[in-house]
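Should a chain be cited, it is by its letter among A, B, C and D, assigned in written order, with residues numbered from 1 in that chain.
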Amino acid sequence: MPLTPPALPQVSRTGNGWTDESDAEPGLRYVDVRSWTEKLCQPLETEDYVIQSTPDCSPVKWHLAHTTWFFETFVLIPYLPGYRPFHPEYCYLFNSYYNAVGPRWPRSQRGLLSRPTVGEVFGYRKYVDEHMTRLLQARRSSPDIAARTVLGLNHEQQHQELMLTDLKHALALNPLRPVYRPSVLDQGQCPNLGWIAVAAGLGWVGHPGKGFAYDNELPRHQVYLQGFALASRLAHNREFLAFIDDGGYDRPALWLSDGWAVRQERAWTAPLYWEKQDGAWLITTLGGRRALNPDEPVCHVSYYEADAFARWSGCRLPTEQELEMAVAGGSLAGHFLEAERYHPAPVVADDDRGPLSQLYGDVWQWTASPYVGYPGYQPAVGALGEYNGKFMCNQFVLRGASCATPRSHARTTYRNFFPPDARWQFTGLRVARD
Amino acid sequence: MPLTPPALPQVSRTGNGWTDESDAEPGLRYVDVRSWTEKLCQPLETEDYVIQSTPDCSPVKWHLAHTTWFFETFVLIPYLPGYRPFHPEYCYLFNSYYNAVGPRWPRSQRGLLSRPTVGEVFGYRKYVDEHMTRLLQARRSSPDIAARTVLGLNHEQQHQELMLTDLKHALALNPLRPVYRPSVLDQGQCPNLGWIAVAAGLGWVGHPGKGFAYDNELPRHQVYLQGFALASRLAHNREFLAFIDDGGYDRPALWLSDGWAVRQERAWTAPLYWEKQDGAWLITTLGGRRALNPDEPVCHVSYYEADAFARWSGCRLPTEQELEMAVAGGSLAGHFLEAERYHPAPVVADDDRGPLSQLYGDVWQWTASPYVGYPGYQPAVGALGEYNGKFMCNQFVLRGASCATPRSHARTTYRNFFPPDARWQFTGLRVARD
Amino acid sequence: MPLTPPALPQVSRTGNGWTDESDAEPGLRYVDVRSWTEKLCQPLETEDYVIQSTPDCSPVKWHLAHTTWFFETFVLIPYLPGYRPFHPEYCYLFNSYYNAVGPRWPRSQRGLLSRPTVGEVFGYRKYVDEHMTRLLQARRSSPDIAARTVLGLNHEQQHQELMLTDLKHALALNPLRPVYRPSVLDQGQCPNLGWIAVAAGLGWVGHPGKGFAYDNELPRHQVYLQGFALASRLAHNREFLAFIDDGGYDRPALWLSDGWAVRQERAWTAPLYWEKQDGAWLITTLGGRRALNPDEPVCHVSYYEADAFARWSGCRLPTEQELEMAVAGGSLAGHFLEAERYHPAPVVADDDRGPLSQLYGDVWQWTASPYVGYPGYQPAVGALGEYNGKFMCNQFVLRGASCATPRSHARTTYRNFFPPDARWQFTGLRVARD
Amino acid sequence: MPLTPPALPQVSRTGNGWTDESDAEPGLRYVDVRSWTEKLCQPLETEDYVIQSTPDCSPVKWHLAHTTWFFETFVLIPYLPGYRPFHPEYCYLFNSYYNAVGPRWPRSQRGLLSRPTVGEVFGYRKYVDEHMTRLLQARRSSPDIAARTVLGLNHEQQHQELMLTDLKHALALNPLRPVYRPSVLDQGQCPNLGWIAVAAGLGWVGHPGKGFAYDNELPRHQVYLQGFALASRLAHNREFLAFIDDGGYDRPALWLSDGWAVRQERAWTAPLYWEKQDGAWLITTLGGRRALNPDEPVCHVSYYEADAFARWSGCRLPTEQELEMAVAGGSLAGHFLEAERYHPAPVVADDDRGPLSQLYGDVWQWTASPYVGYPGYQPAVGALGEYNGKFMCNQFVLRGASCATPRSHARTTYRNFFPPDARWQFTGLRVARD
């Protein structure tokens, strides 16, 4: 599910109760999250909001409106008496995939609409924000409103990341090479790869119940894992270059059958946004095009490429259960959206937080786990039940978070997911072995 | 050839020499034509310039830049010493189909580019206009410059029409039903159909050589025509409704084989922009959606529909030679772009200019003639030779002019052409019979 | 119209009345034509009858049944009292494109049917032949039966040619390189190209009315042609190799816009069935693969290639009117189906029959004429009216005949037609110039 | 991996050593398995061997040759000194997907080849059988030869099933409704659904090591399962009809997102081979078309339909681990290929073998488990390593066996797998719940 991955809060379940501090005041957090979305738009020209570079990507304008529609549809209409929707057609235009809410404008044609204008969409945001503020101030005691508001804020944070990845895709194909924001260029040297061994045994997986979690992180349950070892850091460009130089993209024996077919059809010879010019590798970032830094984590690889790289290196991708158990209790530090770098960073000295580094931020980490429900998984009733469950097929789980993920959106049990051929997210990997 | 139909002036041929008054001063006409293009943009929002609703249509922004690129490439660069192109990438971005000029951005992806911005494109126009003005004032004596400038102005007039038809397509699909300009609604009553008989014999076809003409209107040559009769006016909606009500869209015997396949595949049941609601026919115009007026000429039909309608009515479409001979010497009066109606009008009393009415303006008239070169046709040498000749395959000739054609662009020998499945132009028909 | 090109006899018109000797006894000719079809099958394995290599081609089994269905549907059912169709589903399976006859099995899926078996199809032929023989013996005086029988025989002759071209396509793609029949290899040397000048003036085009003709050859009518010159012989491989060596397939300026797009998309670099191996050109024929003979007429080129070649050589393709007038009264001699060579032959001494040679047989000659109806053209009423008229769009006329055309099927006014990208027929060209 | 699902024997691992009785004499089993393949061909016409109805299906002729190629490539060439391959091109034509063996004829075009003929393919089988017999008699002591022979026999058994399912697909689309073999019609009454509860706890999954197993059944490993309950029998047509009647195919809330998209695109309204006529459901079987028996297990459903049906019934699909643990030690009885029924049967009295019935035979059972490698999974080295591992993506595991599976091919740990949209196998389901 490329556009709006995650899931719904278990508002009716005890123990998943919005009780920590930030959630106790969704009104404060509402302003913060919503204004971050608009802050991300500051460098844009009006024209940049309109275009859609592939069916998987959406116009910025659509993200701005869709996240607003979410609050209107799931909070204001059911809970604010007398609320009048901003425009009768917006539900049709800005519903993403909720069949229970009704028909919708086709996803692949979002870039065909010049109206509403960007100005009108910001007017829509303002209108909904005013009503949300009023509602949150007046009815702060209702747990349903709070729960749905917190869900809407998490939903908006996901779209903050998607706005950046979709925008990157659209700007990168333009021969004029537009820059979103000039880059911060980091120094750093990729440390040697270490191995952290984990012994076989029973353990727990899933959200423990305090603070917000999507429904797909529940129920918490026991699993038995065989012993394994996990790489101490992410795979880096230097290593991926060795894979390329060793013919990695030309040896079908390294690839899954489906992956090889995709690689052939799309003529992949390197990660997305890489190009070779006069013998040197360049990459296009949100800060423009520049030389590839071999010490940065490899990014914009599909599951197929991550899997082939792992096989080539004599390893494999970890399962999501292995990752969750190995990192439990570790630090959530990392390079997130708030750093405003919008590109993964090399490891630097003070990143070194123990044996396992780069656990969050920088790039999402592909796992070997197909995205399915946990044992006993139950989606919510109604339209919000479409948030996560219906995508549990033909996708793979990613763990961690990226340089475009808001810090408050990351957590150990978080399950991101994308189809195995997706490359336009900030996606990388960490290897494991038996 | 959907985007920039016509062709190149025979600048090197005696007798096609830019000698009439308007051409003697291309500088005056330059300002007039160029400012009309910008006048057409006045009702637009920035977002409207960016989108591309189908591969056949182009963004308004692209039309603005491409017509400018034409002057830059074919006039300023070869004839203005020291001229510096506005931007090194614009030749790649705004070349339409001239292989001799070099590679180009794919036509179907013109709507993926947010940059250059609309403001930058207007800056490009200003820059080129200033240099063109300087050149035309300084070197008015050069016949080559004058000829290419006149060609560029005719080219720009074609794009004025395309801007409107492409924009109409993009606005019409938007569920918000945006209006380009509020409509003028005309009254009128469709007169009975009369027949004008033309006897068999030899006649002349092709441009006689005074004033501008595209190369595809040359050479003037003799043809022998069998006797035929031509309808006194265009086919009107009332008649087309009878075709629909008689099952015209469901009877393969009325259709060409290719046409029937297209009708099935695209599920056509009426002309483009028609829809039936609660038993009544509505149409979408540049002035918004309104009830269908049965007294207006039928518009937005493909060649296939025009041909099927003609067969259903016991007639046929005329050939282009029949039309050219029948109308020779007739009045060029009609409803053109300058009327700012942007929709075909019903016949009114003072339209009645003799036995044949509605010869120009309102809608282009499909003919039964595949678009091929006249006997002895020679395209120009070099890139401008790509203007017309290479499209002489799988298209049909249209004659007359439409409500979106500038008045000064219409003439008796003019050959417009589109593929037989094209419907987004202002295209209608007039029947003929043996 | 790839599968069953031509058209219907004007049985109801005086002057087109089956009066010559062969037509006076359709019974004799029936046996002859039908048995030729079966003779062509002698070299085949059962498996060869079943396959369909592209949607344009049909299985041999289908041709055998479809030509039989034609007699059953258009002769036996209407004219033989008490006739019982061989099988109730065969009309659905073996109707090619007659909408008026009813629905039909999709053309592109003819190769998915293992049943009826080849044996059953021959049984079908036998059953219909017996009834046809009975009918023709009993009712020889009915002009309608005779006319439809003659039409059916001409139809079957067209399918004899299609059987061979479709079979060639299917065998040629098989890596085992199956041979239909061992080749006769001819010697010969291509004579120099001469030019035959024709003066401007009025002339007649169309079938004069004695003997069989398809409806698309009528009415005979006057045309005025400008003066032109016609090549004395076909274009040969030696000339086409020079075109290739001169970059003909890599210079868009030589091609129609649509042709260039097709050439790019399908990666054409030579005619169909040509391949270069170790610097030498090989071709695959019905007799197997062998070295290209530069003295043979070029074959298996599309209209686009023929047109580009003609432009490259400073000439053009002739129109069908030019060819018909130039060859009127000339000899019908040539290499036809009955020679059982199944490949165009080099010119040899006794082929030299005056200034214009190779007018018939060897290869069909692409003309510059889009396929449209003659002035006053009227298709027949009813299902047989679908034979020709509905294909008058997006195709080009070919004149002459090929090495796979039965000799009795060729005539001066014959109009074959195919889409401009078709290459699997025996198609070549002759150049002309103004 | 639709065409040749399973996997490779662990010939180099101790404990997986071809030691049981049947394997000790692969020569005897060789004759038995190979002759069963040919026995399945007895009802066929020559034409039936040639056709390919979809890219997923292969011609019978191809199956006959491919299974033979397997022995030639993996046994005779490496182990029989002086062996000469039957034909130099057969390796290109009959390699299915082994990149390490070399290039191959495209899968989707297997139905375009009329040669080799059926007779030649049987000649190929005979030639290889003679050499295999000689090898097996002479070198019975070599464990590698024995292991690869046993693998080849299991491979051939898989293709026996695929021959039947592919043939069924091809015959079923033919309007002549050909019958493979007249049906045996069974009586029986579907018993009420019971539930077998399994408590949470650690258990073992994977092949224990005695007798043949594919590599994907290894290594045997511990898993921790939550408690669950399993249906006592398969889902039956009566239940599936209730799902249909309750709007199951029209309620997106019941479907996975991908599944709903497929259902819409392909317009599914019932399982494959079902059609409603005059209010009654008919099904097409290898025995022809007949009324649907509501007491038969539902068959020819995709994973998407199985999943939607399970959700509709308030249950879910079991995981493969749940199924393997629940059935461990149960009877392998069921309706297999040898019963020559080729259609799932209703439960009859003597089928009732304890609380869990219909565990094997009749239909494969979709599980909720994406097909991935077991912890510690290692594919074999070399070409045979491509047998299973490279398909571990975007497919789902099926357990049990079907009415087209040879009895000796079924076992408790067997992992069949197909993409979630596949319907042409004999696929059904059994529900589970937490």
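Structural remarks
In this section, a contact is a pair of C-beta atoms (placed from the backbone, for glycine too) under 8 Å apart; a residue touches a chain by one contact, two chains touch by 3 or more.
The shown structure was predicted, so the numbers you read here are calculated from the model rather than taken from an experiment.
Farthest chain from chain D (centres taken as the mean of C-alpha atoms): B. Computed from the mean C-alpha positions, the centre of chain A lies at a distance of 38 Å from the centre of chain D. In this assembly, the C-alpha centroid of chain B lies 60 Å from the C-alpha centroid of chain D. Residues of chain D in contact with two or more other chains: none.
Chain contacts here close into one cycle, and each chain has exactly two touching partners. Counting only pairs that meet the touch rule, the chains in contact are A-B, A-D, B-C, C-D. Per the touch definition, chain A reaches chain D in the complex via residues 1, 97, 99-100, 202, 221-226, 252-253, 255-260, 368-370, 372, 375-376, 385-386, 390-394, 420, 434. Residues of chain A touching chain B in their complex: 45-53, 61, 89, 92-93, 105, 111-118, 170-171, 173-176, 178.
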